[in-house]
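Consider the two complexes below, in which chain A is the common component and chain B and chain C are the respective partners.
Let's look at the complex of A and B:
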């Protein structure tokens, strides 16, 4: 049997034509997005590269001479890693809660998630600020319960910065995990139960291995996006928590060294791309978002 | 290990739907019983009740006389082949098969040994390291069966086991599944809406309708002696004709009918119009003649407006059977006429 069918299958594969009409005819569809990316991304990036190379590349060496830069670089990476870890844990729990909830609660949880995605990052950061101010909403609430007599010291501290950043990034960690959870066949969970597995073994042996790639890809996305954090740490973390973006802003606008600022930007974008490409190779991040 | 299953007066309500209305069924150890019914008849719900995946409003469920109604599914020791097979895609075939033993915290060595043994039973030796995604539909079904049997359950439940297979493979797997079930000797309850599957594989078939069991019998008894018109029509094709005092009424519409005769199409044969005929016979106009490979299928419309279907051997002279002409058919063996004590539905008038 196989010897009879194999040659025919091969002949089919050889004779297969690409779908649709000839390729040249629909290639023009590629131009609008390409032009958009050239104008919106390529052009500014090229300008930055040119700026940074004005002094013959000395700006790159100078960038590392700026004492705030290396410090902020380490701080940004640590911050992104902490935000990533927190969103991965909370995002997975949130996604599990959404999938396990009855319909009305699921609707509420999803609405909260989508609304926060639709709200400007600026508005959300100011919201957290109002909450965290020494005599802000949090203080008012604790006072109501009789728990706070002193003004709380959360605003413009490292601890005050994280809840806001995690809240901003949470949807990006929840959505891919939720998709993965929803694509698990319910009968698999019934099967695990039937064959004697309790809730913990079912989660560990059946659910977790199937959502882990999505948890990782959500985490990578959050990490990459967190490297560019600017507004939220600036508002809530205070001057002691300046990120790379903050240092770049200072070089551009206050120190009047746009070439150093440009060099730093290129280093940040380049580093981010390296991280993303590595992660994509390892965890196939882009597939989870396609 | 195999057990006797007893279900008595089980009621289940889902929302406002009374899905099971007092179902009672006893299954002997080692017996293969199929629940057959249209979708929505409650057959899958009944299977879930046995598995413990569906709670009951009232009623009793016993395994070997022990009430298991309060036992969670994990503690019932049942094996299930799910409709989608529900294999774990991230595990190898061997890990899938050994999952019940993993849940029972058996050592890895034993798990591997049992997986190999079970895969040999379902004739997939050496497949333990493959991934489910690389298997064909039939192979996946065998893996699901191997997993269901791995922990030596007392009862095997099959939820539409053939639904995902194409027709040829389905027939092959019906034979294979029956072979394995007999070899293991395990009490088995299967659910299907495919009557051929039910007749081929089961010791007894339970016909379900609207949340109740209509008839539970051997395939042959169901076919020969259906309790009502629904069962008669559900299993194979049947001519339902009005009777009065045990005699088939020929032409009247069945005004004074007190029963229904069930005549199978293959029990009817052609008889010339001028031949004297002591047995029951009917004359009508030929509506349709179709060749079906091993048989001819002939549809007559009697003068009373009832459709009579006959299945004729291909040895008959088909050239005389022209649509629109008259033909006469007879049922020579009175034994083949089964009478139900309720009159049939009135025929829908057919425009001629």
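Let's look at the complex of A and C:
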């Protein structure tokens, strides 16, 4: 089975050190990213921890006293999981479509993906709003086809929120899978066909084992990023889909309790890290980053 | 464009200073400059923090340009940041010399604010706010709709607003966490509570009433969204700050605002104890309190004045659109600002929880 030997071969290739780079150079090359992370991530995080401990840690207890917090925390995690699952399926299909398409279509699919990455999330959320409003663009279009006379009940429902969130996250799931697909040796596919495997068996036995790590790592990336959703669910899903970011914002800005807001942020970041470490343990995500 | 205006402003300031110098040299006749100092004792600039937009443009035109010409003190407008002004309200250092707050914020932190001299205070402000509020203005919070939506006349009060059979369609409602506005008061009035008995708010009762029409609400995250919701026909009625109805009118829409049981609330600016230039800000406060200048601001924004003399300088068709015009005195209601200041946290937490369902 070629699928068994393949991953090991790839792991070997990765373990090898690039030629012509000495140990000292390795050490020096590591400094810029380390300094960057210390300044851009470590310092703000430390400030946040200090702020949350201003009242001797009471802010953590107070955070759970805020009635909307626990509910929104659970809701955020569930939402992120749903977005992750949807994006993994859709992203893999999209990546397969890109690789399998003729050149002109491939160009179009890639352009659509990159264009959405270039557009601000606020602008895109507002665009979805105009689309989903009871008498919005979607209603206008359906009306044109003679399919809708009543206003559409989609704006500010859970069903109206997920398409927009998946659209925001899609590139992060498509790009790693696409890279994995492109690095598959075409001769393996030919070999499978020659040995009489149909398309489904070829996909299951040759393609899937080679792209699965990328699908998983894309999924984890999407999950972690989805924990930070704020505007999109509030605007398109309605306040019933308020995420923990909304509650944190209210504590920071309206309640003037930055310590509680900081404690909530730490709990969210800490929770996210636990999720990531667990995922890393189970799926060895970090090895797949390349 | 901005560059040209700036050059022109510099030129105008220069010209004005030359005129002032000539006046001082020629004779000692003075009836216009601010009483204390008349420009001589003032210096530096003023960092003015507000929410920008057309309202800030109107302040620039109605107040700041003239003030800078007269005194040489530049007013630098910056976009207000919650984190900065919340700290300054508690006495922390910060960059703002004067910043915008809601009435409840000012009442809750009076001890860390600079008091104004008696003759600079707006007489239409509630007594507790008068010593602290600079450049105050009245905003309304009301229900309104495109007139064509209800040909037979729309809702007359908040009870009608909750009557979704007689007045069908979605209602645009504040949906950002923390934007409780008048939500509880409106629900209680609709539930039959008399305006005088609103406080202390019965939040449980109010939320039960709100739940009864939750399915008919469409929530907005920022006030300007209301215009989109109304004009697209996605909402038939909106509850929002009356400035949004004014904006719709300016864009050519025919809007009806129901002033009966609407709430009016004062807003304004305060000088924090840590202000870098309090004397200049007080001079500016005096400048702004001048009836004619405030009338110019009111005419541009249709925000109500805080100085009763301002009404004498306004045409009747402007006065009737103002939230605190004398003819609406019997229709509109006022919040208990003190109760709201004392119970801000309770309202914020319960409303956020109600929104999140």
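Just so it is clear, the second predicted complex is superposed on the first by the 243 of 290 C-alpha atoms of A that agree within 3 Å, B and C clash if a C-alpha of one lies under 4 Å from a C-alpha of the other, contacts with A are read in each partner's own complex, and residues count from 1 in each chain.
Quick note on the criterion: a residue touches a chain if its C-beta (ideal position, glycine included) is under 8 Å from a C-beta of that chain, and two chains touch if they have at least 3 such contacts.
All figures in this text were calculated on a predicted structure; none of them were measured in a lab.
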Chain A as common anchor, with chain B and chain C clashing or fitting: fit
Dominant contact partner of chain A by residue count, chain C or chain B: C
Touching partner for A:190 - first (chain B), second (chain C), both, neither: first
Touching partner for A:205 - first (chain B), second (chain C), both, neither: first
First (chain B), second (chain C), both or neither touched by A:234: second
Touching partner for A:29 - first (chain B), second (chain C), both, neither: neither
Partner chain in contact with A:242 - chain B first, chain C second, else both or neither: second
Chain B versus chain C as contact partner of A:144, first or second or both or neither: neither
Minimum C-alpha spacing, chains overlaid - chain B and chain C, in Å: 47
Overlapping contact positions on chain A, where the chain C interface meets the chain B interface: none
Interface residues, chain B side, partner chain A - complex: 51-53, 72-74, 78-80, 82-84, 86-91, 99-100, 102-104, 147, 151
Complex contacts: residues of chain A adjacent to chain B: 185, 187-188, 190-198, 201, 205-206, 209-210
Residues of chain C touching chain A in the complex: 82-83, 86, 89-90, 170, 175-178, 218-219, 221, 228-229, 232-234, 344-345, 348-350, 352-353, 355-357
Complex contact set, residues of chain A against chain C: 66-68, 71-72, 75, 129-130, 133-136, 151, 155-156, 231, 234-235, 238-240, 242, 246-247, 249-250, 252-256, 258
